[in-house]
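A, B, C and D label the chains in the order they appear, each numbered from 1.
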Amino acid sequence: MAIEAGFIGLGAMGAPMAANLLAAGVKLTVHNRTAARAEPLRAQGAIIAPAAGDAAQPGGIVMTMLADDGAVESVVGGPGGIAARLGAGGVHVSMSTIAPATARRLARIHQAHGGFYLAAPVFGRPDNAAARQLVVCVSGPAAAKQRVRPLLDAVGCAVFDYGEDAGAANVAKLTGNFLIAAALEAMGEAFTMAERNGVERTKVAEMLGKTLFACPVYQRYGEAVAKKQHLPAGFALPLGLKDVELVLQTGREANVPMPIASLVRDRLIAALAHGRAGMDWSALALGVLDDAGIE
Amino acid sequence: MAIEAGFIGLGAMGAPMAANLLAAGVKLTVHNRTAARAEPLRAQGAIIAPAAGDAAQPGGIVMTMLADDGAVESVVGGPGGIAARLGAGGVHVSMSTIAPATARRLARIHQAHGGFYLAAPVFGRPDNAAARQLVVCVSGPAAAKQRVRPLLDAVGCAVFDYGEDAGAANVAKLTGNFLIAAALEAMGEAFTMAERNGVERTKVAEMLGKTLFACPVYQRYGEAVAKKQHLPAGFALPLGLKDVELVLQTGREANVPMPIASLVRDRLIAALAHGRAGMDWSALALGVLDDAGIE
Amino acid sequence: MAIEAGFIGLGAMGAPMAANLLAAGVKLTVHNRTAARAEPLRAQGAIIAPAAGDAAQPGGIVMTMLADDGAVESVVGGPGGIAARLGAGGVHVSMSTIAPATARRLARIHQAHGGFYLAAPVFGRPDNAAARQLVVCVSGPAAAKQRVRPLLDAVGCAVFDYGEDAGAANVAKLTGNFLIAAALEAMGEAFTMAERNGVERTKVAEMLGKTLFACPVYQRYGEAVAKKQHLPAGFALPLGLKDVELVLQTGREANVPMPIASLVRDRLIAALAHGRAGMDWSALALGVLDDAGIE
Amino acid sequence: MAIEAGFIGLGAMGAPMAANLLAAGVKLTVHNRTAARAEPLRAQGAIIAPAAGDAAQPGGIVMTMLADDGAVESVVGGPGGIAARLGAGGVHVSMSTIAPATARRLARIHQAHGGFYLAAPVFGRPDNAAARQLVVCVSGPAAAKQRVRPLLDAVGCAVFDYGEDAGAANVAKLTGNFLIAAALEAMGEAFTMAERNGVERTKVAEMLGKTLFACPVYQRYGEAVAKKQHLPAGFALPLGLKDVELVLQTGREANVPMPIASLVRDRLIAALAHGRAGMDWSALALGVLDDAGIE
């Protein structure tokens, strides 16, 4: 692939994604706040950019995979920001899960510089990223989407297009994360009810994962919840709380009460209060055990 | 199949199940409170029993597929009840979704007559029953389970064994129904949040049904919730409420608080208050739209 | 007072109520399942009835103060029950907190014998009962209410009349108990939020109890919740759960979802799971501390 | 009173408070963003400050009664802000209900200029403000509290001191507002349950307001909820939502899940969705009627 691109954010998700882009032949300039994390990619042909803005070329493409709204905003605006550095015709492919409202604000900044903002958040955990099995939701200007499509194909296995609105892809992403959180709590309640009535948690989880709920979320997370195993943290609990709060905020802005989202937020806060910040967000289901006086 | 059996309860689920048993060669004596519903099975070779107890032969097998705990209890006990009529060595295969506590009580009644009680509740809706695609959860004495296994195979596509406790299979069944109800509410919240943020409900439902949630519950119910289509009632809303109340009661008896179950119960009650008793139980998700002031 | 009456149920509430009736000059025939509890009243002039039915005279008055719906039902019906023994013109003053539906059923039983049923549940705890400070809600036939009014005045400080419907007074009673439970949970949340933000629980409770919430429930229960003191059990936690379940059932029968009632029920179940059955029902507020990882 | 002070924010609450200060002899310099609202106070002797900062004299006192965190922050910082204008020895008495975290941040700004920040949020509605019946919670440096005490006495009927932490008084204030919101929802549920069971809402409200809940919140708001009368807006619904969100945020920062706060937030959002933004926040209780299909 003769495409050039910048890539900012080489965390647990970003690093394998960048590696896949390099493997696909993309000429990649990478940047990470903690520079050491960029080094392994140098051997695969990546150019290291000393500052985030240096990953952007006039009229080029920059992909970002950063922790939260604030982190993305911090690399976009200002004189050395990627909006200014990309300038006219440039494209920012923003792959973090952020608020739709933030996405729309960032789109306006790029637009002011003649550039384009694409929201392209992904579903998947680090092992999915490594296996090029991410699901990508994308929204933004059609021409820009067409231009970056090979890059999206190089990191994911499926791309779903949500039209032109910069916020739309993040709305779609948030529905998915919310449904996972809801399923975690529901499984926690179901399996604990079973356990206390003399039925093994795993026997219920396996049956459901083979029949009505034969899908990745219930199979993978179902096993974790059934076995009460929430380490290592594929998706850290505080990030899960951040996402659920984005869900609530996005519902709030459109006057949509979301009671399960409220409930799951409370469970995640309780998990923090119980010292579970280092666990996977599936540990929210331990709250059901706490309530039932187990352990 | 040279097996003889009785079958009581020819409703939307029972009728196709009985038809499949006849098709498999079972010599079936059927009974339904409203006799007219039994007639179509006569042509397929069924013998019609005038009273419920008449479907039972000494030492034989009777399957029941009745509406609720009370309906099952009404055919089991008393002088003309099936426990007495089956007597020593008889087996009652009870396929309704009832409380684990009721199942244990019924098991004791059969035991007092020298007979056996098997809990064998099923997952599936009428079209699954017709297609012999039911998932069966079974629990009770091992020898009895072995004896009736051909009958279970004639109505379902998979059988999961939950051991000897008469209540266990119903516990497993209730976890599944509860998880469906939780998913309905969660999808209602997610899709309404999307709709009010400018993203089509069906586009989110389809994406999730193809990826993270590629399983029957999210595909089938996801389409219903996305399209706000809750007719015809594959599983009537009042029956859904009955099951959620069984879930709560079963949790309560074991001191397990289940906040999503409480929430879903409230949604189902609100649906009744809005005149939705004739709809499928997936109509509980309309409550999210009510809250958001839509329609 | 030249009135004669029977009194059944000499528990923590009934005993001081009966003592007040005797002190007011009522000629009282008392009965308690555990006979020993009746003895102290003999010295005050009470006649001891060996069986519950013996507390009833043809055309007379019987007051009951029993634990729950089942206990009241067990003394009313049947050949030796108080409905038959009171017969035509008799009045049953039923002071327990029971389901409105149960009250209506009991009223029909008395009516069949030509007698009258009055619902007269009371607000107050044992010390209020001893101090003749109970608040009485009453409903039922007007003439019967007039006849027993001196008896109600002898046990309480205020009587509120809810008309002729046998269920009405219990509906009113349940609203009060529900509001107390809701206030307990709300105070638990508020005071724990304060505590964790460096503000003493008692300083908030005192301020509110002197100003916006200067009323018995917030003052008395506010102190208990603020100080985390839930012993002795003025009103035992399992009885509180019974009442909240009556509230939910009464809401359910009229299609009224009550989410705070659902939440409080979950808290009370969690309290049972944590071994707090012997505490006052205000201990439901400890659940907030559990969630916040305190202690 | 020979005290001089500035007063910023002459809304529904601030205007009567300023009038009471003038009536008490305070030499008051007032400012309001919409200048016209300041005019009526001129006749009572107030000096009108053209800009917010002009209400502050070096080493003097400024009271603020503004809408929200942002409004207070906008008048404090910057070169023309009151922190700079008050300078060393000055005191800012901040009477709005804001986040404890914001209060602590503002305190640091004043401290940097050698001045003092006092949190002094108040309980009460406009008619209470006019009647000098506000309840004041205060926290901050002791000397500053002593200096401004006559001003607090001129606007309120009671002052509760929460120590030196700038955030503490707001924590106390938030507990009160939260308990009101919880009581509104609980009364909505209770009265609707009564209504649907044939008992008049007002008869329950009156009984409770005379007995167990004989306090301002249940009497005043109880009447509004019972009669479904939520106009005029003594405390506008969007401000109520703002406060509940401050409560949730304050709980969140200390890892305290507050499920009733979550529930009440959802009710307030639903109220916005139903076009009730112009009503009093007690209109949150209408959500119970919506759920029950009433009207």
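The criterion applied here is as follows: a residue touches a chain if its C-beta (ideal position, glycine included) is under 8 Å from a C-beta of that chain, and two chains touch if they have at least 3 such contacts.
This structure is a prediction, so every number in the text was calculated from the model and none was measured.
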Inquiry  = Measuring between Cα centroids, which chain is at the maximum distance from subunit C?
reply    = A
Request  = Could you see whether B-D or A-D has the larger number of C-beta contact pairs?
outcome  = A-D
Request  = Could you tell me the distance, in whole angstrom, between the mean C-alpha positions of subunit A and subunit D?
outcome  = 39
Request  = List the centre-to-centre spacing of subunit B and subunit D in whole Å, with centres computed as mean CA coordinates.
outcome  = 54
Key: Multi-chain contact sites of subunit A, meaning residues that touch two or more partners   = 251, 255-259, 263, 266, 270, 273, 291-293
Message = Looking at the complex, which residues from subunit C come into contact with subunit A?
response = 259, 266, 270, 273-275, 287, 290-293
Remark   = Within their complex, subunit D touches subunit C through residues 100, 123, 135, 137, 158, 160, 162, 165, 167-168, 171-172, 174-176, 178-180, 182-183, 185-187, 189-194, 196-199, 203-204, 207-208, 210-218, 247, 250-251, 253-261, 263, 288, 291-293
Ask   = Which part of subunit B faces subunit C closely enough to touch in the complex?
value = 251-252, 255-259, 262-263, 265-267, 269-270, 272-273
